[in-house]
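One chain, chain A, appears in both complexes that follow, with chain B as partner in the first and chain C in the second.
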Partner chain A sequence: MLEGKFEEASLLKKVVESIKDSVQLCNFVCSEHGITVQAVDDSRVLLVSLLIGNEVFSDYRCDRNITLGVDLKSFAKIIRCGGNDDYLTLIAEDSPDSVTLVFEDKNSDRISEYSLKLMEIDNEFLKIDDMDYDSVIKMPSIDFQKICRDLSTLSESLQILITKDSIKFMAEGETGNGSVILKPRTDIDKPEQSITVKLNNAVNSTFGLKYIADIVKGTSLSNQIVIKISNRTPALFEYKLQSGYLRFYLAPKFEDE
Partner chain B sequence: MSIKKTQKKQHNFRQQSLASFFSGAKQNDKVDIKTLLSKPNPSNTSVSDSNDLSNVKIHKLSDNMIDNEQKEKILTKKDQSDNHFEPIEPQSLSKRKRTTKKDDTNSETVEKSTELLQSKRSSKSKIKTKKSKAASNKKSKKVENEDAIDISSDNESAIEINDSTEDAIDEKPAQKKRKLTRKKLVNANLDDSESDNEKINVASINETNADDTDPPEDDEMLRHNSSIHENEIKEAEELASISLEETKTKIPRFNPEDNSIPYKSICDLFQEIENESSRLKIIKLCSEFFLDVLKFDPKSLIIVVYLFINRLGPDYEGLELGLGETLLIKTITQSSGRSAANIKKDLKDIGDLGEVAQKSRVTQPAMFKPKTLDALTVFNNLKNIANSKGSNSQQKKINHITKMLTACEGNEAKFLIRSLEGKLRIGLAEKSVLVSLAQALVTFELVSDGKKSKKASAELIVKAEDKIREAFCQVPNYKTIIDKSIEYGVLKLDEHVRLSPGVPLKPMLAKPTKSISEILDRFQNEVFTCEYKYDGERAQIHLIHDNGEEKIKVFSRNSEDMSQRYPDIIDSIRGFIKKNKIGMVKSLVLDCEAVAWDRDESKILPFQVLSTRKRKDVNKEDIKVQVCIFAFDLLCLNDEPLITKSLKERRDLIEEYLNPVPGKFQLATKIDTANIDDIQGFLDSSIKDSCEGLMIKVLEGKESQYEPSKRSRNWLKLKKDYLKGIGDSLDLVVVGAYYGKGKRTGKYGGFLLASYNQQSGDYETTCKLGTGFSDEMLLQLYEKLSKLVIAQPRSYYSYDSGNAAAEPDVWFEPEVVFEVLTADLSLSPIYKAGCDTFGKGISLRFPRFIKLRDDKGSEDATSSDQLVEFYERQSSIS
Partner chain C sequence: MGIKGLNRLISDNAPEAIRSSEIKNFFGRKVAIDASMCLYQYLIAVRQADGQQLMNQDGNTTSHLSGFFYRTIRMVENGIKPVYVFDGKPPDLKAGELEKRKTRRDEAIKMGEQIKDTGTMEEIKKFEKRTVRATREQNEEAKKLLKLMGIPFINAPCEAEAQCATLARDGKVYAAASEDMDTLCYQPTYLLRHLTYSEARKIPIDEVNAGVAISDLGLTRESFIDLCILLGCDYCETIRGIGPVTAFKLIKKHQNLDNIIEFIKKDEKLSKKYIIPDNWIYKQARELFLNPEVINSDEINLKWEEPDLSGLVDYMCKENGFAEDRIKNGAEKLKKSLKTGVQGRLDTFFKVIPKTDAQKKASLDKKRKSNSNDKKNNSKKTKTSFRRKK
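Up next is the complex of A and B:
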């Protein structure tokens, strides 16, 4: 039996909105620790890994592991039916064929209940080891979103160059080139505006902007984005939740030599 | 052996899970020889001191492997980045190679090494030879090598180099000797005391040369069958001699673990075929592959064959791919994360969507690989795609394709997309596939019989080819043929594969002639008959008796099921059987011409009227254009094939069983005469009766048998139009058009036509056409063709690309076929038809549009070879 109550429906809404364009079908795996999702996009270039820790919920109960195979497009439609401030409770049986969403309006006594049919989704779960990356940057998520959106008007690839004291985003296209350079800075008043760079090795990697565009949909989840990059390995883009995270692993592009 | 080992290692690596993708980054100390070899590093100039030859060898080796394993190259790049190992780089190697050339020491080894460089192909085969040799002779060394890999990469590459050097040297003298002797033979006289085998080799080379500049049509007609047969045997022998060089080029093609044939191995072969221009070598490659499949799993052969000819089943089942560009671009977008606009731009630059897909796929690797594709999965998916119908079918198709594309590696994406487009474009004609199939099957029989000589003799191969070809003409279904061949043996095919009602056989065709005297010459000492040649659509009518249930089907000249188009025929066919025979006819196959018929005036209407009939979902009540069937041959009666009977016997049976119904079902008007005046009179009356002319057929004896699919000299056609001009109208493919001016503004004013080169699969331009159109027709053509406009000429259009005047205003998909008359043929440098033969293209003088050939596909158009034949015949007369 799963029962998880969100203080505000908007959190789940944001989470689903930020991954529904990358993957359509995915399994929500619920355990006593919380809910995890792992899925790859159709082209298998982008991997989404989500953990909603049990502390995020105001109430959480899950006695046995339950897998909810969800079509995210339909899921998102249902979640949109609730108000942002509503309480949202997810309820599912032990071996469910549907999941129930209950929205409770905090100001009135209105309770809306929806159920979504579940699907059998074939999905192998991969254990992702932590590893050392050549460099780790942390920056305001909104800035990253803007940079990516701006540069995507020029090219379909985004090149990221990280050196000891700068981060450079570059795009080269038919119509022109663009680059944005950021320097590490610390903002004591507004720590979320800080930019930090931890560097073991200089990094030069290129990514498909289509995927980055999907990734930055997570911007609303967190003020800061953590980007971990090594040369020629998948990079990690992470939005931290109050407990848990939304991570995207993205395989870099290899340009012709 | 060590090469193999490293390859395997990479393969495993590729299939690792995401977790190991990450941890893999830390395993940089494990350096791979391929990585080393493929990484250019110009700064480093110090090379080992081994001799030049070995360097050259290594260089080629590395090149080669990169080609083969593009995908792996990408995956290993990761390794390179942190690689502290000093690589051996091809750049400096090639530098040394150049100095070798300059030295010009004339020593055998140097000469050999340049030869090596000349063709990648040969070097490939040598490496493989080397591999197999290493396997058999050097077991101890193999063990040693394998150990070495694990010890250190340094040693590994060192041993690898030594190994290949040694073997390369071993291999060369023998190879060279053979090559030299062959060359010598070609130049020298035949009376050299060389071995028989090589003699034949030369003879057949001469033979093919002779074939190329072939004798004119008239000779061809008179040439005796047996000489053609001789040619075939010679060709087969030549083929056998090719195998001397290539049989050793085996790659591990299949996956015994799950009993599957990787799609990769098929694509690699496609690539090889695409790079190969010699038809015989292509056949060799195919037949060896088929043989390997047979040895591995005979049941899979059918799927492989279908993938090779890019079909999903027999033609008459009508399942086709040929997806639109927009849809495919969408799938490439989804599987590579690139924008559609960029893909379109690439398509403009590259001209082949397959290559665009490959490029897109290669630059954006996936996080981890889905299961690699195998032949069966791909085939089933293609079938599903072709079968999906209904509201959501577009999306379903896209999903299927995207899924497959994601799993594609290297050249797989290219050929997958081309398959989906409906055209593989690797220069593999279906004819060659049939021949290869025959060889593979017959060799497989020998092998499985445990015969000592594992190579089929040339005679046997030719016999097998004949059997398969014949069987295929009767039952154009590869599955039946392969199954029966495996079950009963190729040589017994004719006993087990027989034409049967329900399965359309390829119709027999007639050769064009120009005059009655020509006919009389041809049919000297033969009994022959003349029939009207009706101007309609070929229709093969099958009455099938299936477990007490009667079914009627109508097939087109291309074996397409046209039953839907002719519900009126289907309903009335039973009425054509004589009343007293009704119970006695269970099944039959009739060869007929369906002709538009004016019921009020009881006369034949022109073909154009017939072509206005609806093609699909025809409702019997709505039919405006009535059709009359003119039957001229009976091919099967009560499940008994009649095609080996004489025409006279077949005709007698028609008359015995069938009952003409005026205006609905008639027998072709005929006259049995050898009198030139009678024939002339008959020809005139055929024209008066709105027919195209006459068909003249051998009536009795062996030559009057029905020869499926053959353009036989036993059937001649004589059209009124032939008497002037070149003897036949041509059916040419519309590949481009020019905007109309003046009265034709807003329509196309002229068209660019092309012939189909059956060898290469190219469309070769042959003339512009602007006369013979009615205003209505032009409007109709505009509506039809404007939907087929493509931004760029297809890569398989052959036209004078350097000449702006040769380019039309718009290009089309090759779909529409025009029947065209011409006064005369001439050579012109701006056209390309038949330019393999003459250097210039054959062009039509004063071409004139006759009609649209809706019943012909673009590949059934007049072939470039036919044009060459016409041209030669014309010049031999003048």
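Up next is the complex of A and C:
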């Protein structure tokens, strides 16, 4: 039996909104530690890895591992029905064929209850090893979102160059070119505005902007985004949650060998 | 011409081995394509509205050129890097099969003549398609076109499928593409089917994982080859009276053909029911599948080059009457796809965790169940189904 109560429905709302354009069908695996999701997009370029730790919930109970196969498009429709500030409780039996969402309005006695039919989702699991990355940057997530959106008007690809003292985002297109350069900075009053670069090796990597456009939908989850990049290997984009994370692994584009 | 009933046998007994997906999911992959198969396919399938083959002003067929040009571009546009492999000389054992095909063709020509005046359009078309064969000239024309397009091709010493499979196994390409299921006998990593079909048909591409297919059938490579021979291959006869189901059962029980023959001969009733051909050359056929004549992959260097635009215009437009703007447009697409970087794939970095046997069994049962339910409901087959209440 799964029973997880969110203090505010908005967290799960944001999570679902952040990943529903990257993957449609995914298994929510619930265990005593919390809820995890791993899903790969159809083209196998982008991988979504989510952990909602049990500390995020105000009440959490899950005695046995339960897998909820969810169509995110339908899930998003249902979850939009609840108010942002409502309590949200997820309820499922041990081998469920549906999951129940209960929204409770804090100011009145209104209780709304929805159930979503579950799917059998037969997906492959990728094994992700911990890696040492050439470079790790941390920056305000909203800035990253704006840079990517601006540059996507020019090109389908985003080139990221990282050196010891700068991060450069570049896009070259038929109509013109654009670039944005950031320098590391520390803001003591507003730490979420800080930009840090940890560098082992200089990085020059290129990514498809259509995938990045899906990744930055996670912006609302966290003030900061952590980007871990190595040359010629998938990059990791991470939004930290209060307990847990939403991670995207994105395979780079190559110039041909 | 493929192996009878093998596709069905695999999809029934090893469904995990086959995955259907759209062409766009194969971006960034190099694929070795059985060109001789394509050539034949294009000659049959690429037609004008009235069912006639495409022709140039001299009356020579150009259906194959159209097929090679547009369908290659379709692949390239989807980020696939194709390499074509042409048949060399057929193995001696194939002579019988080729003879049979020729007789069938001659018959079709005769029938075509007979019904030319009396038959319906449909019938005439049917027999006309059966008379199609690929000529040496058409092979050369296709190669010339590929060269102008900057697409690499290989002349296999013998069977093209074998060469394609070897390229895939040695990691030179991701998969072998052919419609012939016997490609699986040569153990490619993956076999792609329907890759060269026209876009308009909207048929998904089947990706057959050869290793999984063989292991999920509970066979070894050797016993799998024997199974294919028993089902009917191009190289030798089969035992009459044994269909796919019996063949699979026998192989599972006796592992190889030698044991099966012994088993049948020992039993009087069985030897009346199943007639083993005299001087059956299954051993030679097996040898052809196990050790085909191929070029060593180390000696093969694949390179995709820029298309030769003026050469293409000269050859396709001036000589063969294709519209210039469409050829130029196509060449532009080839060039563009070559230039833009290739999108990497996660599965080249992160390995797929293999399913445990229990999971496999569960999904097999589920598929069977949903298949039988689908049949009952006569509904479309979907990969995911809603959970049913127990």
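Observations on the structure shown:
FYI, the second predicted complex is superposed on the first by the 254 of 257 C-alpha atoms of A that agree within 3 Å, B and C clash if a C-alpha of one lies under 4 Å from a C-alpha of the other, contacts with A are read in each partner's own complex, and residues count from 1 in each chain.
We adopt the following convention: contacts are C-beta pairs under 8 Å (C-beta built on N, C-alpha and C of every residue); 3 or more make two chains touch, one makes a residue touch a chain.
These figures come from a predicted structure and were not determined experimentally.
On the superposed chain A, the two partners chain B and chain C do not both fit; they clash. Set against each other, chain B and chain C touch different numbers of residues in chain A, with C touching more. Of the two partner chains, both chain B and chain C are touched by A:44. In the superposed model, A:253 makes contact with both chain B and chain C. In the superposed model, A:231 lies in contact with chain B only, and not with chain C. In the overlay built on the shared chain, the residue A:69 is in contact with chain C alone; chain B does not reach it.
Of the two partner chains, neither chain B nor chain C is touched by A:59. By the document's definition of touching, of the two partners only chain C reaches A:122; chain B does not. Contact with chain B, but none with chain C, is seen for A:210 once the two complexes are overlaid on the shared chain. In the superposition on chain A, A:25 contacts chain C only, with no contact to chain B. Overlap of the chain B and chain C contact sets on chain A: residues 40, 42-47, 126-129, 156, 208, 232-234, 249, 251, 253-256. Looking at the complex, you find that chain A touches chain C at residues 25, 40, 42-47, 69, 95-97, 117-122, 124-129, 156-157, 206, 208, 232-234, 249, 251-256.
Taken together, the chain C residues at the contact with chain A in this complex read 21-22, 24-25, 27, 304, 338, 340-353, 363, 366, 383-390.
In the complex of the two chains, the chain A residues touching chain B come out as 40, 42-47, 126-129, 131, 156, 174, 208, 210-211, 230-234, 249-251, 253-256. Listed in rising order, the residues of chain B touching chain A in the complex are 17-19, 21-23, 25-26, 74, 77-78, 81-82, 334-339, 342, 345, 359, 362-370, 399, 402-403, 405-406.
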